[in-house]
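One chain, chain A, links the two complexes that follow: it is found with chain B in the first and with chain C in the second.
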Partner chain A sequence: MQSMRLMATLGVAAFASLIQPAQAQEPIRIGVMFPITGPISAQGRPERDAIKQAFEEENNIIAGRKVELLYEDSAGRPDTGLTKVKALVERNNVHLLVSELVSAVGAAVAPYVNEQKIPWVSTVALASLTREMKSPYIFRYVPSSYQYATAAAESAKKLGWKKVYLIGWNAPPGRETHEALKKAFGPENVIDAMFPNVGTSDYAPYISKMDPSKADGVFAAMWGADAPRITQQYVEYGLSKKMPLFGIASFTSEELLGDMPPESEGLLSSYTYCGTLDTPENKAFVEGYKSRYKELPGSYQYMGYMAAKMVIQAIKDVNGKVEDRQAFTNALSKVQVKGPMGMTSFDENRGMVGDFYALKVVKGPDGRLQNSCGERIPQVKDPYHLFP
Partner chain B sequence: MMFWVLQSLNGISYGMLLFLLASGLSLIYGLMKILNLTHGSFYLLGGYVGLAVLHLTKSFILAVLLGSLAIALLGVVMERFLLRRLHLQEMPQTLLTFGLLFIFSDLAMLIWGGNPQTVPKPELFRHSLDIGGMVYPSYRLFIIGFGLFVAAVLWWVQEGTRIGAMVRAGVDNEEIARALGINVSLLFTLVFAFGAFLAALGGVMGGPIVGVYPGADFEVLLLGFVVVIIGGLGSLRGALVGGLIVGLLDNFGKVLFPEFALFTIFAPMALILAVRPTGLFGKE
Partner chain C sequence: MKTTSPARMALFLAVAAALALILPYVLTPYYLGLVVKMMIFALFAMSLDLLIGFTGMASLGHAAYFGLSAYVTGLTALTLGWNVWLALPAGLMASAVAAGLFGLLALRTRGSYFLMITLALSQLMWGIAFGWRSLTGGDDGLPDVPRPRLWQGYSLTDGVSFYFFAFGLIALSGWLLYRITASPFGQCLRGIRESETRMLALGYDIWRYKFTAFVLGGLFAGLAGSLYVYYNRFVSPDYIHVARSAEVLLMVILGGAGTLIGPAVGAAIIVALENVISAYTERWVMLLGFVYVIVALFAPNGLTGLIESLRKKRAGP
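What follows is the complex of A and B.
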């Protein structure tokens, strides 16, 4: 009886070892969830498209294994996002996730992903992902709010700014930008910080409160369609001539420039993507995106594209064996990729590190607004020492 | 000083937009006793249709006219084929308009997508005025003038014309108005369509300032109700005064107590409800 059981076990083991190679031929399944409908869809859809582009450049075969992208729509809502991620993990058995850009969705999904031990390269700027969460499975390929706001403050200081205004969303990125500015300029030099609710359409009350004789410039920490809207109103109230406006993070992202008023020439920013940067990698990225989707890529597309590039390199480094999550996440934390903006990698807490550029909106040769790339700020890292 | 002038102008121009919205809401309730929750959709759809017309024809005047007329037509259809069946049944009517609010909201999302859009200003009002160092967008001043103009026209129609007299009669006592030979049924359709027209007008005219975006329908509906609660349901004067009060409260609330922006609107509303449940100009 004992030996019978032993033989059966051995038999099963032998059978399992036989089917092992067949299992390795199974495609690598990657969950790609972005807000495809809802108010953030204008950013979510193109970012997803750029991820698709990165995998297409590899013909969807990496290290000899076919790659299958499984798309979901979070609608930018935490509850929907969590349901969809659960479906990707439990029904579709994805090996890893390259997903999301909305902070609230990121915060809702993170504990579940950590519990399930699914490697996730997120494009959510949530600072807590690489702080309180610190899950070995969660990577963040987008600067955190502290990271981009500190970089912006440093850029502005180089322009001689000493006293500043801030107008930002009444949400974690806006509030964290405030913290970073207070640290960089000194709390007394942030003359006033205003936090309209997300989705405020009329900024007139806030803008007409700003006094150009009291400050050197204004930081704006709001994104998507709110960026052109506040720029428009800033111009209308005659402030753009008296006091420069500095957009935080993706404020001047290429897809938004078309909606900016012509007078927004001179708008400043500092971020990890500059559309007109002259590198072969950037040319390839821009051309590839343009030929597929008939538009110029902006910073959202860049994040998605690079998040995918990091994953592709890590899959190559483990020879396609993504089932070994330990080995895969180890490889991912060591990955270094030369992308459109130069070398980039993950830091010790799995947050993105890469070059930033001082940006200025100018009129391009075709008369349309574009970002001109100013000074390169090498290898900007999340300032953990300032904001633990 | 300049600060107060600037901020007051901001508040008044926003108040005028709210007046356009609330006057229709108020008229419809006054005559038909319908709490029209679809009014927010009228505002949003007006903005979207106006924007589409503007892209096609490049004419702001045509955008305003066609956008508003299209929504007025929608109002006619809605009143004739849906609301009419539920005459004087307040709860089913409210629920019907509530359901339509959601349906239109999703339809708008389907057709125009989730990306917020801004209506470009008419060429004439694209610049800003510089009055003694105070820079102010001329379009907002135009909105103030336009709002006052609409208020004057409405007042004249209500007080000085035959149709206005018929509406007033209908508001006071529907049955007697019918007995006197007034075609109240036609009047209902007209007033409902006109209310929709005014809301859509607010949507197109407000487009260059607040933009057209998913969720605007719910937002303006909420503010529109605050306006009619403060001003009094069924009163045009109430809609104008209420609109100005809410516009100014909203603006100064945001500036002076940014952390309590909504509180500065709803606290006065609660106060007025407690002291005068019918609003400032509402009938007992």
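What follows is the complex of A and C.
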């Protein structure tokens, strides 16, 4: 009798062990922190929205596990951002982070993330994230300043540029662009480099110093509201006809084109996102974003979307087991995703690698300015050999 | 002047001390970290209260001393490898010297002119921190400041020991500030707040009193800044920015200027709002704005002023 009962118990136990895997799994928690308030919110909010879009395209279920996005607001301030990341990691126990675009916040967060061993895909264009501060847990899905400036210089060289001017923000990306241009053209061929402060309203003192007889073109390394402003003034001075303006990185991003003067047709750039590129993946991205948020996505949205896409693929590769951080970061560093702009991946220091396009601002069929996608520059990598 | 009986005061202190000792063992590391942040900003707000609430000098550049001390402590710890006993006093010294120099300039003015010159001086400091890239790291600041090292081979690596370290220093500072404001010197500052000309007529050298208060305020703000570097383990120009000066000013006003405890409570409330509410709604800044409007309309003397007037009402005329 006793043994019968034992047998029955064992039987039940065996049966129970069989159905165990069907038990509901804990959702994958992903921390999504961006500047939602403050001066950078105009970029942070849409980028966060594009990340949301990428996960919605998967119906928020990846490898059979539900995905939960936890949002926080860094306000673009480093100490606020660090406290919020601590909240996501220590209070909400997120498995990974897809967060941030402000470089000062990135610099503040990086040592903490490395110490806590939390996989973090950032869109912070901070070159040091894949250099002095590199960590197996830190991924940067955005070109570094050296990367996009070197690509821009190569692109301009193909147009026959030999001598150039630079006008750039008096901030790390502006200064690092200067370094890259000096390497690419030779220090003596950068005729003059000027560094107005972020948010300068009058560029006349700088523009009037530029002499079209001395150089082939002008590079502009400034973004946000400053990009249309300098373009406007550059056009007003009549310089755009004599000496083309070449915007670095997201200078001609879609959300800024609306503020550019009609005469900015012909404005050049070279970047990893071109809004009008005719690929099925880009159409799906643009249409998906437009139907959700009623506007065209630009390069910030693209970075967020792709950072999420890389993470989604890596989660699939490890079959949803994000708890094994070693395996997950290994998978993430090997991920290859065909995105709107073609194949893209991470390099050996976990920086972004992807195709760039030579861009030119033209009038679209609806009379509005848009980027036309020129020559493809395949698989642009962070130039570690030039800037170790 | 209201008076508190010594027995009640002792009871209050005993409860506060017991609470402070229990906290690290009941809170999760994240919330304990938030408590440390509240305490640091409480000290920062109390140091400003010495100027605004007690002496009547509304400064909009108090973050200058907070930030300068933070930079000096961060830099000496990072590049020279100094331990806490060297890096922290170096920061305090720097902020006291800066407060002394700025005081020489700023104290020639009063009212809105004082507000403007303190603002200008602090933005000057911000400009230096932002522009001197080779030393300060510019916009990105100085990341990876080492943990506070007490002596060779022993650093405060965990949250609990740092909590006690910060709590000890902040409690000591709070007590010192209380003693300062309760002393004849503090009474004299109150006199200056009420009427400078009368104090002058009574034969007080008011400039000397104001100068001392100004430097003391800078010194305690500097301690808060240095602790904040060790807490965050980085420093950036954001520490000195006018937004931070305004933030601490709001903490003082929210809690009630001239009470010390009020600004400390105001600091705790703002830090809590900023970090707890923002997880639920992205409109947390708006909510913070509502709080300010409500306080300005219904409690112009801050929360402590509100409590005081309610108590008076209950006690009857």
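The working rule: the second predicted complex is superposed on the first by the 364 of 388 C-alpha atoms of A that agree within 3 Å, B and C clash if a C-alpha of one lies under 4 Å from a C-alpha of the other, contacts with A are read in each partner's own complex, and residues count from 1 in each chain.
Basically, a residue touches a chain if its C-beta (ideal position, glycine included) is under 8 Å from a C-beta of that chain, and two chains touch if they have at least 3 such contacts.
In this text the structure is predicted, and so the values were computed from the model without any measurement.
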Query raised in the report: Looking at the overlay, what does A:72 touch: chain B (first), chain C (second), both, or neither?
Result: second
Query raised in the report: Between chain B (first) and chain C (second), which does A:228 come into contact with in this model arrangement: first, second, both, or neither?
Result: first
Requested in this report: Report for A:80: first if it touches chain B alone, second if chain C alone, otherwise both or neither.
Outcome: second
Report task. Using the touch definition from the top, say if A:37 reaches chain B (first), chain C (second), both or neither. Result -> both
Query raised in the report: Touching A:205 in the superposition: chain B (first), chain C (second), both, neither?
Result: first
Report task. With the two complexes superposed on chain A, say which partner A:64 touches: chain B (first), chain C (second), both, or neither. Result -> neither
Report task. Report for A:237: first if it touches chain B alone, second if chain C alone, otherwise both or neither. Result -> first
Requested in this report: Scan A:27 for contacts with chain B and chain C and give back first, second, both or neither.
Outcome: neither
Query - Doubly contacted chain A residues - partners chain C and chain B - result: 37
Report summary line: Given the complex, residues on chain B that touch chain A span 3, 6-7, 10-11, 14, 109, 113-118, 128, 130, 135-137, 140, 209-211, 213-216, 219, 251-252, 254-255, 258, 261
Requested in this report: Would you mind writing out the residues of chain C in touch with chain A in their complex?
Outcome: 28-31, 33-34, 37, 131, 133, 137-141, 143-144, 228, 232-234, 236, 238-239, 243, 274-275, 278-279, 282, 284-285
Query raised in the report: In the complex formed with chain C, which residues of chain A make contact?
Result: 36-37, 70-73, 75, 77-80, 82-84, 86-87, 89-92, 103-104, 107-108, 110-112, 126, 128, 133, 170-172, 175
Report summary line: In their shared complex, chain B is touched by residues of chain A numbered 37-42, 194-197, 199, 201-202, 204-206, 208-209, 224-226, 228-229, 232-233, 236-239, 259
